[in-house]
Structures are given as C-alpha cells and as structure tokens.
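Input: a single structure, listed below in structure tokens.
Read from first to last, the chains carry the letters A, B, C, D and E; within each, the first residue is number 1.
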Amino acid sequence: MNLSYLLDPAHWDLGASGGIPMLILDHLGYVALALLAGTIIALPVGLYIGHTGKGSFIAINAGNAGRSLPTLGLLMLMVTLLGLGLLPVLIALTVLVIPPILTSSYAGMRNVDQRVVDAARGMGMHPWQVLTRVELPMALPVMMGGFRNAAIQVVATATVAAAVGRSGLGRLLIDGLAVNDYSRVLAGAIVVAALAVLVDLFLALIQRWIVSPGLKGLS
Amino acid sequence: MITFEDVVKVYPGGGTAVDHLSMELPTGKMTVLVGPSGCGKTTSLRMINRMIEPTAGRILIDGEDVTAKNEALLRRGIGYVIQHAGLFPHRTVLDNVATVPVLTGSTRRAARAKALELLERVGLPEQFAKRYPAQLSGGQQQRVGVARALAADPPIMLMDEPFSAVDPVVRLQLHDEFLRLQQDLGKTIVMVTHDIDEALKLGDRVAVLREGGHLAQFGTPRDLVTNPADDFVSGFVGRDRGLRGLSFDSAADLPVQAVDGLSLDDAGRPLGWPSDSGLRPTNGTFTKEDSLRTVTDLVISSPVGIAVRVGPDGAADGLVSHHDLADHLASRRS
Amino acid sequence: ADSDPLADEPAASGAAGGAVTVGSANFPESQLLAEIYSQALEGKGVTVTRKFNIGAREVYLKALQDGSISLLPEYNGALLAALSPNGVPESATSPDAVLAELKKVLPTGTEVLTQSAAEDKDTLTVTAETATKNNLKTIEDLKTIAPTLVVGAGPEFAERHQGIKGLEEVYGLKFKEFKALDAGGPLTINALKDGDIQVANIYSTDSSIVTNKFVVLEDPKNLYSSQNVIPLIRTEANNATVTGALDAVSAKLTTENLTAYLAQVQVDKKDIAVVATAFLSENGLK
Amino acid sequence: MIQYLQNNHVIVWQALQEHLYLALLPILFGLVIALPLGYLPVRFPKLYHPLVNTFGVLYSIPSLALFVFLPVILGTKVLSPINVIVALTIYTVALLARTVADGLRAVDAVVVQAATAMGYRRLRRLIEVELPIALPVILAGLRVATVSNISLVSVGSLIGIGGLGQLFTRGFQLFYMEPILIGIILSVVLAGIADLIIVLVQRAITPWTRAA
Amino acid sequence: MITFEDVVKVYPGGGTAVDHLSMELPTGKMTVLVGPSGCGKTTSLRMINRMIEPTAGRILIDGEDVTAKNEALLRRGIGYVIQHAGLFPHRTVLDNVATVPVLTGSTRRAARAKALELLERVGLPEQFAKRYPAQLSGGQQQRVGVARALAADPPIMLMDEPFSAVDPVVRLQLHDEFLRLQQDLGKTIVMVTHDIDEALKLGDRVAVLREGGHLAQFGTPRDLVTNPADDFVSGFVGRDRGLRGLSFDSAADLPVQAVDGLSLDDAGRPLGWPSDSGLRPTNGTFTKEDSLRTVTDLVISSPVGIAVRVGPDGAADGLVSHHDLADHLASRRS
C-alpha cells in the first residue's frame, strides 16, 4: 500500500482545483445538498406516517424499493435525460438518502410510547404541541440514527459523481483508476472513509446536543 | 360536582364498554371506580376530560356539559395521572411538573418555582428535580406523576391506577401520603383501580362497575361492605366482610373498664402485663379515634385477651376484654 | 499475483483447441472491434469468453498481463506511447515504423498480430464556431489562446504523453484547465457541444464529429502518430487458428468501414453484436 | 425498450445471471461470517462498540475503491469476480454483524435465564433459543443487506465486472436510455423478488411474530 | 432437604446480597422466602440451581453439595419458574412445556403427550396448546410457566415471584390452584415473594429476610404471626396480627350451642333468621374445618351476631354467639 499520493503536500494545496481540499469541499457539497433535499422530502412523509399510522405499509416498502434503485444506473439515466450538470448527481444521491431518513423518522414516531402521548393530550396540549414538544423530541434518537446512516452512505456513494465527470473525491478513484495510479485510489478511499467517520462524529455531537439526556439508552 | 347522565360508550367494532352510566361525584371528595379488568373504568374516566367521547348521554362538571368547552382548555383544568405515570422521558422531573403551567402561559421561571414546591409536597426533595424520569424508581415516578397533575392546581384530578406500578410496601406508603395530601387540598378526585382494598381505603365514594360497563353499586365504602347491592358486589368486596365492616365503626363509644392489673410507668403509660416470667407486652394500644377493627385485633393478639386504651398523652385510660367487645358488638344489632 | 490459485476461469490457457478471453476498453469502438474479433474466432471454432468494457488502457493492460484476458483490439501508436516510458522516438510516424518500435517494447508473453489499415486517431477537436472565431486549423493555432480554453478528455489524458504532457512538450500548449470526462464518450462530446469545454479529445472515427460539424485540428507535429487497429494477444493464447481468423479481420478493416459500422452503433443504436455480425458477413468472413 | 430487449436478450440475460450471482453469493458468505461475528459482542459485551465502529468504517469505504484494491490485497486478477464478491461480502458482514449482535442482545434476558435454568448449555441455548428469537431482527437486516447488495453490484461495471451495471455503462457510452432503464428495472425487480423471498421465508419460520 | 450452610454472596462492586445464611428447607414442603425489595431473595433462590455461585458457604441438596454436579444436569433436575414466566416466545405453549423432557432425551412425541397432560393439570385446556405465549393472558402465561417447570417431574421447584404479574383476582385463583396441585405432587418448593399475605398463605415454612441479606426469622407462618422474632418481622407481618393468627386456629374445638331460632329447610339447612321484615340472611356458615378467623368474621357480619356451623351435609349443627367466641378466645390464654 502506497501512501505517497495522500502524503504529498502538493495535493493538499488549498486553492488547486484538483487538490484534495477542493475535492473534499465539492464532495461535502453534494452530500449536504442531497441530505438537505432528502430530509425535506422524506422527513415530513415519515413523520406523518409515523404520527398517524396511516400508510405504514407504504413507508416500509417504499424504503426498501428506494434502496434497491442502483445509484450508478440512476445517475447515468439522469445524465442521459437531463444532460451534464449538478442536478442528475443530486437526484441520484437524494434517492439514496430518502429510504433511511423515511424509515427512521417513521420508526422513531412509531416507537414513541403511546402512554406518554396520551398523558400529553390529557394535559391539554394541542395536536401541534403534542407533535413538537413530545413526539418529535422522543423520536429524535431513532431519527438521528437513520440520518447518520444516510450520511455515511451518501459520503461513500457520492464518489460515483466522478463517473459522470463531476468533481468530488470520486475523482481520485476514477482518475487514479484511469491512469493506474493506485496510490491515488488509495488516497481517495482513505479520505472518503475518514470523511464519513468525521461526518458521523459531527452528527453524533449534534445528536448529543439536541437529544435529551433523559432518552439515553432508549435509542 | 361531576355528573354522568345516562352515559353510553360503544367502541366501533367492540362491545359496549360503558352502559347507561349515571352517577354524581361530589365536589371535594374522592370517588373511586373499581371493578374487574375490562369493565369500563378507564373508559368512564377518560370521558370526563374528553380523551374519549361518549356515544350517548352527557357528562357535566358543575352543571356545564364538558362538550361545551374547548378540549385542550378543558383538559388543562383537569389534572390527569395516567397508569405508569406517562412521564416525558426527555424532560427533567422539574420540567415534567412545570409542563401545564408553561402551557397555560406561566413564565418558565414561575412554573419551575411552583414545580419545586409541589415536588417537595409529594415527598421528593430538591435533588430529584434535575433528574430524568428514567433515573427514578417506580414509586418516585408515581409521585412525579401526581405532582405534575397538581401543578395547574386544577379543581379536578383524574387518576388511572396511579399506584399499580409499585410494590405493595411502597404502595401503602403512597396511599398514606396521598390521603394526607388530599386532606390539605380537598380536590375533586376520580380514581380508577381494580384493587378493592385500595378503593375502600382511599375512596369517599366507591363506584363498583361490572363487566359490560354496568354500575353495580355506588356508595360509601361502608355501604359496600355492610350493604352490598348484590352477589357481584359482595363477591368483589371479598371475604372478611364482617371484619372489614368494623373498620368503619369508631371505638369512641366502646365502654371500657378501669385500668387494673397493668404495669404502668410514672406517666401512666402501659409497660406490660405482669406474669410469672416477667412483663408480657401489650402488643399495642388503641385510642378513641381508632376503629373497632383495631380493637378486635388487639384483644385477640393480647397475651391476656385484653386491649388497652390510651389517651392523647399515651396514658392508659381503659381496658377492653373479649367479653366487653362481644357485648358491644352484640348490642349494635337490631 | 502472476499465478493465482483462485482464478476462476481458464482465461490464460492457450489450449490447443483454442480458448480466448477477449477484452475491450470502455468505449464503443473498442467493444465493437472486440466483438468482431470474438465472432471471427468463434467462427473458427475457438471458445471465446467476453470481458468487455474494462476501462482505460492502464487498466486493461494490467488485466492482459495477469491473464484475466488474452486478446484485445489495440491502436499501435497509442499502445506504443503507453509502453514507452521515455517517450516515443521522433522517427516513428509511419504505421510500419510504429509497429517496429512497438514490437520492441511489448511486455513479455504478449505479441501483436498483423495490423489493419483502419486508423482511429486521438484528435483535438473544437466546435465549428470556435474554429471560425479563432481561425483554428491546426493544434499549433491554439498556442495563443490555449490559456483561455478548457480541454476535456478521459481522466487518463492528464497523464499521458499523448495528452496534456505531450501537448505541452510538443506544441508548448498550456490550457486554462483540464476537465476529466470520458474517453471520447458522450460526456466529452456533450460538454463540447454545451460549451463546458472548448477543446475535446475525440476519436477520429467518431460519428459525432460529422453530426455536430466539429472541426478536427490537424496534427502537424505528429503527436498522434499512426493509430492502426491491431490485435494484442497473449502468446500462449495464440495459435494458427487464432492468427488466421484475426488476420482475416485486419485485412478487411479500413478507416471508412470502421467509421460506418461504428456509426450504426452510436447513431442507430444498433446492438454491437448485430453490427459485428454484419461486418463479418458483409466482408465475406462468415 | 422492447426493441432493445429483442436485439440484446442474450447480453441482458447474461448480465442478469452475473448480477444475481455477484449479489447473492456475498449474502450467503456474509451471513455465515456475520453470525459468529455478531455473537462475539453478546458473549463479550466490551467488544460491542469497537466492533460496531469498525463495521461503520468498513461500510464507509467507497465500493469502487474496494473493487480496485482487493486484487492488490488478495492477489486476485483484476477482472476476477472474486473481487466484487469479497467486497460485497465485507459490506454484508458490516451490516449484518451489527444486526445479529443487536438482535441477540435484544433477546429478553428473562427468557435466556429461563433457558439456562432449564439446563441448556451455552451453544444449544444459542441455537435453539436466542437465535430463533433474534430471527425477525436478523432477517430485517438481511433484507436491507440483500437489497443494497443487488444495487451495489452495478458499481463493478466501472471496472468491467458489474452484471446489470454493464447495461448502464453501455447505455451511457452511447448516450442511450434504453439499456440503462432496462438495467435499473431488472435490478429493482431482482431486489424486489429477493426481498419477497426473504419475507416469505420469514413468515414461514417465525410464525410466532404474527401471534398476539 | 435443601441445606444452606453459612452461605454468603457478595456481588463484585455491590454490597453483600446474602449474609451468612443458614437454613434447612424440608423435603416435600413449600418454603417461601419473603422480604423487602433488594434483600437477597432472588439471589438466595438462584444459588440453589447455580445460576449464581455463592461467595462462601455451601448449599446441599439431600446432603450433596450442588457444586459437585454438572451445572446443566443439576438444572434439568430442578424446575424453575421465573418472574414474568420467561416463556419462549418462538415456541408454542405445548413446546414450551415439552422443553426439558426433550432436552433430557425424551422423544418429541412423548414429551408433547406429557406436556398436554400437564397443561390440563394447570387448568389450560387442549385448545391452548397450539398457541404462542403472546396469545395468552398474563395469568395463563403463569400457568404455562408452572407447567413447564413441572414437565421434567423434578423433585425440586424454584419459583421467583411466580404470581406477581397478574391482577389480584387472578392471583387468588392461581394460589388456590397451586395449593391443590402441591397437595397432589408434594414437591420440595422454594418460592420467593415480597407479599407477606402470599407467603403466609402458601408457605409451609417462611424465611423472612431483611436488608443486607440477613435471615430475620425462619419458621412456620404461625410462628411468624404469633411469635415474631423482632420488630422487623412483626412490622413486616403487619397489622391485624391478632386476626391473622386466628387463621391458624381450627374451629374444631369451638363449643357450640344447640340450633335454635333459625329457619331451616327440610334437610336442616339454614334459610335465615326470622325477623319482622322477613328472613335475614345468615351471611354464610362455617364447618369444623374452618379457622377461628372465619368464625370471627361470620359472627361479626351476622345480622344477629350469631354464626351458624354446618355439618358435611350442609345441615346446621350448632350456633356460636359473640360471647361464645369471646369465651373460647379468652380461654385459650395462659
């Protein structure tokens, strides 16, 4: 295993367009946009289904069906349909993050102890207050679990963007592969895995911050 | 006063949970709903704060139909203690208790101060305030549940098997605390249990429900024990009816003999019964406030068959023998 | 990793009856040629395993060396460039000269067969608009404006002598930016069309050049030397039958017919296998 | 699309077969490895977090990188399907070992004690009591792993081994939607069928979960 | 006989759970361990089948040290009923019960036949056999737990709060069934509870443990009630000690008066006490087998202060008044 590419300071030049820092930035950009889009789409649906119990069959199966869509195929399909540009990458990655976010927000809501919800209603909370003050905070540990899963997955998978000519850490893999430079591929793999771990750690910190200590051990 | 007027609840797909229930629960008193599992106790209770809507009939609070009020506002004025406490796991004990005051517009600061006071009141010292429910024992959680329901100082409290999750020893302790609290507060309380002992001990009124949501009897604990309406009620009240009945009779009018043959200390307090092998313990004493049941027990457990009555200062002021008691009990008849 | 007990297929065996694993690069022409080779060999009773679409030259040469595949369609000039770490000798410009040089540097255990007349060169191509505006005819004309242009090609272009390096050494061109896309594939072509890049590395047989009225810049300094299609094969997989079949194919291949058949794949979206069969039968090889 | 299928049914069929084999073998291997591995943290609770973290990191290595690296590490040939199989097995193990551990850990301690007190020895207890009770959780994990594997195989097409993924690259190189669409549909259908089979198996072997 | 010889259990990091415990649990009898939460009951129980190993001391079964035997084999010979039943959720009721016989090498067929018989015995008809535990009520699950522990026909049974998960009504029912079963089977049973009533009702011997794992008293229920070793035990046995004590005294020697003034039917069975307003119910009768407690209760609850004794045929054969009872109770003294 050859770490020369990774350790070469020239590849860590902050400004260089093919440098690792820029690639990380682009990569994180895809990741963040996909997570944002996925959350906007999946979270309300998951919460609604979990809250009402209506359509849980759909939630579970849509989750699984979503997972079965091959990201690479979807990406290539989107490129042939929509042309180059950022949109195809975003669509493919968003489809990837929807299932874990959907199923975890659904499961988080389902797992909320109904007796507690009952107590909240019994104290005179309005439905919206029950949702925001009781159900959501209690569902958070499970929801964050799903979100972290989605994040790890999308960090690893965003590398396929390079297969359709986009930037991101996948460049190290695709370009390294194309010129038979294993050191570069290795650098890519390491940086991606490290980034995934860091993103996960970061989210774990957020989780600690927003999840009530009273729920420790309930996730 | 809470009035049930011909209330019926039929669950869609289920049978009749509550069947033409009419009763009046007096203000400032505790009414206990008791009956076997599935007889409609919880359903009846939850119709009061409209967690469940009746199929027919009306429920009035002080003459006003509960359906006339906004649901949420109605509930904020009614404390509700749920089985297993139903505490919010994500909030500290303090914030659990402060919930309703905050909901009703109190400042967080004021609500917390109030909550602290209430925790004190239910026997939880300040150091528990910052804990989360998961860090409390079952009995402590129940207390928080009660404190939380009291927080808005609601005139009415609903309690669904509030003491069922704790072991018998702790339960007895909670009962006593609760009775003391209620003496201070004088709330209108509706409580559900399936433990007849609990019902008889805590209730000012007891409503016995039977399968299918029928009211079998509504009355004071004494009514139930001494005049069960039917076999179902007498079966439910169980064995020892005679002895149980004695708990409602005061020992105040029980004639006593002069104190004699008992060793006393300087202050006149009983030391024991002299015998060949030294002093034998009295095994307890009673006062005028005790019940005939206590006296009966003392007579029987006394080594000499005589129970000792003491005055407020603890000095022996009378004796009751088997025969004295028998006379008194026999004379109550007819 | 030269002898691998886990290898699941007798890929490297050049058994007498003939069993050949045919590979290809990851662009349609290479796959078409590989399919033509495969069908020709099958016609002679050779057992063929297809492992197409492997990747860039750097990758598939590795596969050839470790025995994962035993035959590939190659281009003599590009192969020579890839195998010459110190650059291609100036003299090697004619097909035969290239072939002679190539034979000197072939990895042991591999050999090339007769090369065909069909050529598919790497080109630098611009849109007609760019060409007129800047009055571009040859690669040399790019010299002054190169620093304002983005060039697009497969990722490997960045490191190759016949890519960015050679362009700088031979023509002194320094582009504003290099965009890694694909080897003369749709990314590159679309990027050129859309103006994301101004200069593209496209293969000369590519039908999109005609369709889009692209302008191929001339290569006066012969950076892209002759690029004749030539079979590259592992020696142990070769035998008279194989050589015979492949030589027959090479004899019929021309730049024109290759371009035409490739257009059937690229433009008409015909199946590669069907087009290959058509080639063989229309050229009396079947 | 029909047209394309008619013209290319041989290729599509081959791709489908290859896809199936590349996706399902790792599931099998992964399951066999994950069962004992997932039991470890049950036996030695201290191992739980280290193991979960390790699997988390493994799962975050991009598949393409793994496909490329395994030949270097294993000494396999670059085009050998073993690379893909090993890579996907690693992902399967990373997913399943955790599920197995979680499933086993979630078995009611009272039930385990009851079994011990009845005179079960450790291994038999594991096989007859703990594993069956953990099955619903494990099978739920297996469903995710299977479906993910089936969609991951196609990444292999970037290095020339990818089952239905070959249809993606082929279509992409020609800028031609049909093969991509066919590949996606077949991949999804394959995943759906595999998922359905697991669900049916689960229904058959865990009848008690439908009681109550 | 199960013998505890100076058994100590100290949990690593915890305090002493069991402290120099010595006692002898007689063969064929039921011994109940009772005490407040955390006093070491479960720990003591589980050391018998080596689910927990003692820190010091020995436990012998019929003179043989339990550590001398292979763990698994030892356990197969000891039935264990765990709190909340601990049934295998993935096996049918029948297969749950058949578990140990199959483990010990019985064929599945034979084990199932046996299991079916046992289910019958604990009051679960055949139609329950094919169900899964989740399809049973709490009380039914407890019965399956008992049947499962009985399946290997072990001479010894350990039961950890076997009846705690069910409501009071069902619990009484299970108690009665269990006493009947034990009368037939005569197993050596060790049971844990924290309910003193349960302990006194079911145990042949009762061991009262106190915090810190000390044995406070070991004796018959009667010993505990009439001669509590110390304040802890008397406090634990609770109020009503006198009345409780009467449960252990038979009504057999209680002198009765001739039957007089009672309305009887043709067979001599009591109909009630005549009064101005018609017949008043006797509120129950007693036989020679009943306890003095029952008689006391009847006398008190009787509308005329007189309890009616009946013979085996149900015919009234004697009357007991308040004074008769008082005489008898008083005469028992000294």
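Assume a contact is a pair of C-beta atoms (placed from the backbone, for glycine too) under 8 Å apart; a residue touches a chain by one contact, two chains touch by 3 or more.
In UniProt terms, the chains line up like this: A, D = Osmoprotectant transport system permease protein; B, E = ABC-type quaternary amine transporter.
Owing to the predicted nature of the structure, the values given are computational and were not obtained by experimental measurement.
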Partner chains that chain A and chain D have in common: C
Among all chain pairs, the one with the most C-beta contacts: A-D
Gap in Å, rounded to a whole number, between the CA centres of chain E and chain C: 91
Centroid distance [mean C-alpha coordinates] between chain E and chain D, Å: 53
Length of the line joining the C-alpha centres of chain B and chain E, rounded to whole Å: 28
Residues within chain A bordering two or more other chains: 79-80, 164, 174, 177
Numbers and ranges of chain C residues touching at least 2 other chains: 55, 59, 62, 182, 186, 190
Interface hub residues of chain E, defined as touching at least two other chains: none
Complete list of chain pairs which touch one another: A-B, A-C, A-D, B-E, C-D, D-E
For the chain A and chain B complex, residues of the former touching the latter: 113, 115-116, 118-126, 129, 134, 137-138, 211-218
Chain A contact footprint on chain D (complex, rising order): 56-57, 59-66, 68-69, 72, 143-144, 147-148, 150-155, 157-159, 164-165, 167-169, 171-172, 175-177, 180-181, 183-184, 187-188, 190-192, 195
Footprint of chain E on chain B - complex, ascending: 36-37, 167-169, 194-196, 239-243, 245-246, 283, 294, 296-305, 321-323, 325-327, 329-330, 332-334
Chain E to chain D touching residues, read off their complex: 49, 51, 71-78, 80, 82-91, 99-100, 103-104, 131-135, 148, 158
Complex contacts: residues of chain C adjacent to chain D: 1, 4, 6-8, 11, 23, 26-28, 31, 51-55, 59-60, 62-63, 66-69, 182, 185-186, 190, 265-266, 269-271, 273-274
